[in-house]
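There are two complexes below, and they share chain A, which is joined by chain B in the first and by chain C in the second.
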Partner chain A sequence: MDPIALHYDVSGTDFTCAGEASGKIKKALKELGFPTSITRNVAIAVYEGEINMVIHGGGGVIDAEITPECISITLTDQGPGIPDVSLAMQEGYSTAPDNVRQLGFGAGMGLPNIKKYTDEMVIETEVGKGTTIKLKVFVK
Partner chain B sequence: MDTYFHSVRLDKDKCRGCTNCIKRCPTQAIRVRNGKARIIKERCIDCGECIRVCPHHAKYASRDSLEQLDSYKYKIALPAPALYGQFNNLDDVNIILNALPSLGFDAVFEVSKAAELISDVTRLYLEKMNPPKPAISSACPAVVRLIRVCFPELIDNIILVNAPVEEAGRLARNRAVAKTGLKPEEIGVFFISPCPAKITSFKQPIGTDKSNIDGAIAINDIYPHLLKAMEKIDEHDELVALHESGVIGIGWATSGGEASGTLNDNALAADGIENCMKILEEVERGNLDSVDFIELNACQGGCVGGSLTAENPFIAKSRLMKLRKYSPVSCNRLPTKEIPSEMLCSVPIEPCDDVMKLADNVQEAMARMSRMEELLKTFPGLDCGTCGAPGCKALAEDVVRGFTTEHDCVFRARQELQDIENIENPEQLEKIIPAPFRETLKKD
Partner chain C sequence: MTVDKLQEILGLTYLCGEESAPQKQIDGCYCGDLLSWVMSRAEAGNIWLTVMGNINSIGVAVLADISCIILTENAALDDDARKRAEENEVVIFTTDKNAYTMAAEISKII
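For the complex of A and B:
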C-alpha cells in the first residue's frame, strides 16, 4: 500500500493561522483510526513544530507521510536557523517575542516536547538559511 | 424601553438593610432607606458587585428561564467562553456543545467564534482607524457604562466595534435564517451569560439600536441541567464537531485574553471594578497615552469572575488554559483586510454623567458643594454607613440634593441629644437612635 502524503503551507505572516495544519493532520490520523495515544503524540509534536515555524521561522511547509507502521513529519522553513541547537533544546530557553507570550507561548517547552512525544527527531539547521525538523512516531 | 432598565434587582423581602452593598458599590448607587436597600438606577452599572457581596442574597439579576425558549420556533444557544471553564475534568468543549441541544436548543453558536473575528477587527481598527490613544475595549458593558457615568471624557477612546456576543447573535441568526427559511423574528437567540451587565445590554443596547440577542440564561441556572445532559453523553458517542474556536477565542473568557488577541505588545489589561477605575483615572490624567490598547473587565479575573458563574474564577481560568492548549491560535478570521461595516457600532456611545453632577448649572453646583463642605465638618468622618449612605461625603451630597436630611447621621444625632440637657424619657431616645447605638448612648 502506498503511504498517504499530506502537504501544508504554513503562513509566516498571519500568526492567527498557526496551528491549522497540525489540526488537519490530527483530524486525518483520527479518521485513519490510529490509536488515540499515537494521534495525540503526533498532534502535539507537529503543533509545537508548526508554532515554532510561524513564530521563529517565518513560515514554511509541513509534509506528512503516513503508513500503518510509522508517521513521518517534515517541517521546513527558510527562516533564520537555530544558532545553538543544544541550547534551543533546553527546557525554558526561548527567544519568543512579547506579543505571543501573552497568548501563552514562549515557555521554551516546544522543542523539548517534540522530543518527548516522538520516537525520532532530527534537526537540520543553518543560520541564515533555515531549519528542517524531521520527526517519526512508530505505531507499535 | 425604559432608559434605565437594569438586570440587577433587589428582593425586598430578603433585604435586611445592612451596609454591605452600599459600601461595595463602585458608583455609590445604593442607599438604605427605611430599612431596605434602594438602587439609584441612573448610577447603576450592573457590575454585579452587590450580588456577590450581599450575605442575604437579596440582590439578584433578572434573566430568562429555559421555558422562555418556547416563544420561538428555532432556538439558538450562544455559550460564553467562560462556560467552558465551569466543568471539572472536561477535555473536549464539544461535550458541552453537544449537550446543549438536549436542553431545548436547535443550534449552538460559540461566542468565542465571533470573538476571534472581533480580535481580527480590533487589529485592523487599531492599525487603520487611528483611534485616540489609548483605545479602550467596549466588550465589557459594565465598563462601558462606568465610563459613560463616571469618565465621560474618555468616551472617544472606546473602540466602536461590536461586542463578541452581539456579533455572534448576528451571525447565528443569519445562519439560521439561511438554513430554515424562517423569519428572523421566529428565531430566538439566547446567550448563556456569566453576567448581569450583558443581560442589561440586550435590553438597552450599546452602540446599536437593537440588540441581536433575544434572551439570556444565567450560567449558574443552566449549570445543573447541562451537567446532567453532559453526563448522558457516552465517551463512545460520536460528537459533532461544533467547537470552532482556538486559543484567542477561549482567551476572551479571562482577563488579558482580549488584549493578547490584538497581538500587540503595547497593550494593557486590568480586571476587577476597582482596578478598572484606577486605570481609567490614569487614562484621564494622560499617563497612558502611549498605550495602544486597554482591556478592562469589571469582574475579577475577567468574565470567568462574572457574578452569574458557577465556579471559582481562578479554577475556571486554569481549566481554560488547559482546554485551549494545543488548539489553533485562531479558527476564524475576516475574509479580507477590510472591516465589514456591520461589525462596527452603528450608534455613538453617549455620556450619562448628569446624575453625577451636583446641579445643572455651575453656580448652583458650587453653592451645593460649599454647603456639602459645611455639612461634612459636622459629620464624624467614620464612613460607617449607618445613615444608609456609603459614607459621610455621600450623605452630605444626598442632603444638598434634597434627598434626605443631616439627621440621618447617628453620631450627629447623638451629639445633638447630648446637647439637650435633660433627657428625661429614655423611650423617646430609643425612638430616634438605631438599635445598635442605644447601648453606647445609655452608658454616656
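For the complex of A and C:
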C-alpha cells in the first residue's frame, strides 16, 4: 500500500480541542487494522505531543505517515522552543503554569511518556523559533 | 468482568455511557489525578479512579483504553466532559467514597 498521509492543525489556546488530533489518528489506525497495542502507543505519544503544543508551544501542526511497517509522526510548533532538552526529558520537570496544573497537567511526564511509547524520538528545537518532534513506532 | 457487572455488584451510579458498559471488559484498576502520569502508568482495560472530571480526562480515558472512570468523592463532571464522553462511549460512574475505599472494594471482586 502507498503511505497514508494525515495532517492536523492544533489550536494554541483551546484546551477543549486538545486530544482531537491524537483521537483521530488513533481511530484511523484502528480502522486500518493495526494491533491495539500499536494504536494505543501511538495515541499516547501523539496526545502528549499535542497537549505540549497547546500548553507550551502556542499551537502547531501534526503530520502522520502510515505504512504497514511504520507509523511516523511529526509535531511542529513555532513556540518558544526548549532551552534544555535533557532537563525537559527528565520525569517531573515541568514549567506548566498553575492554571493548567489545576486541569491535571504539569506532572512533567509528557516527554518521558513519548519516549516510553515510541521506538524513535528526535527533538529539534531552537529558543525563540519553535520545536519539532519526530516519532516513529515500528509495527513488529 | 464487564463494566455493567461491576456496576451491579458495587451499586455504582452511572453518569454516562450505560449502553456501552456490557461491551467494556475490565482488566485491573488505577488511581491518579495527574493526567500524563495516568497516561504513562495505567494499563488498557483498567478502571480509573480520579477526581478529575474535565474534558481532558475523557481524552486520556479514550486514548489509554480505560474501561471506565469512577469519579470519587462526588467530584464534578463538567458539561463539556460529559458531552465528549457520550460521543466516545466512555462509561463514567460517581461515588461518594474516596479512592482508597473504592479501590479496596474493587480489589475484592476483580
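Assume the second predicted complex is superposed on the first by the 140 of 140 C-alpha atoms of A that agree within 3 Å, B and C clash if a C-alpha of one lies under 4 Å from a C-alpha of the other, contacts with A are read in each partner's own complex, and residues count from 1 in each chain.
We take it that a residue touches a chain if its C-beta (ideal position, glycine included) is under 8 Å from a C-beta of that chain, and two chains touch if they have at least 3 such contacts.
Just so it is clear, the model here is predicted, and its values are computed rather than measured.
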Looking at the overlay, what does A:L6 touch: chain B (first), chain C (second), both, or neither?
neither
Partner chain(s) touched by A:T16 [first = chain B, second = chain C, both, neither]
both
Would you check which partner chain A:T36 touches, where first means chain B only, second means chain C only, and both and neither mean what they say?
second
For A:I44, using the defined touch cut-off, is the partner it touches chain B, chain C, both, or neither? Pick first, second, both or neither.
both
I'd like to know which partner A:L103 touches here: chain B for first, chain C for second, both or neither.
both
After superposition on the shared chain, which partner residues are touched by A:A28: those of chain B (first), chain C (second), both, or neither?
neither
Is A:P112 touching the first partner chain B, the second partner chain C, both, or neither of them?
second
Partner touching more residues of chain A, chain B vs chain C, is chain C
Name the residues of chain A shared by its contacts with chain B and its contacts with chain C.
15-16, 18-19, 22-23, 43-44, 47, 51, 103-104
Would you mind writing out the residues of chain A in touch with chain C in their complex?
15-16, 18-19, 22-23, 26, 36-37, 40, 43-44, 47-48, 51, 103-110, 112-113, 116
Give every residue of chain A touching chain B within the complex, in rising order.
14-20, 22-23, 43-44, 47, 51, 97-100, 102-104
Given the complex, residues on chain B that touch chain A span 116, 119-120, 246-248, 251, 256, 259-261, 263-265, 267, 321, 324-331, 333
Within their complex, chain C touches chain A through residues 33-37, 39-40, 44, 52, 54-60, 62-65, 80, 88
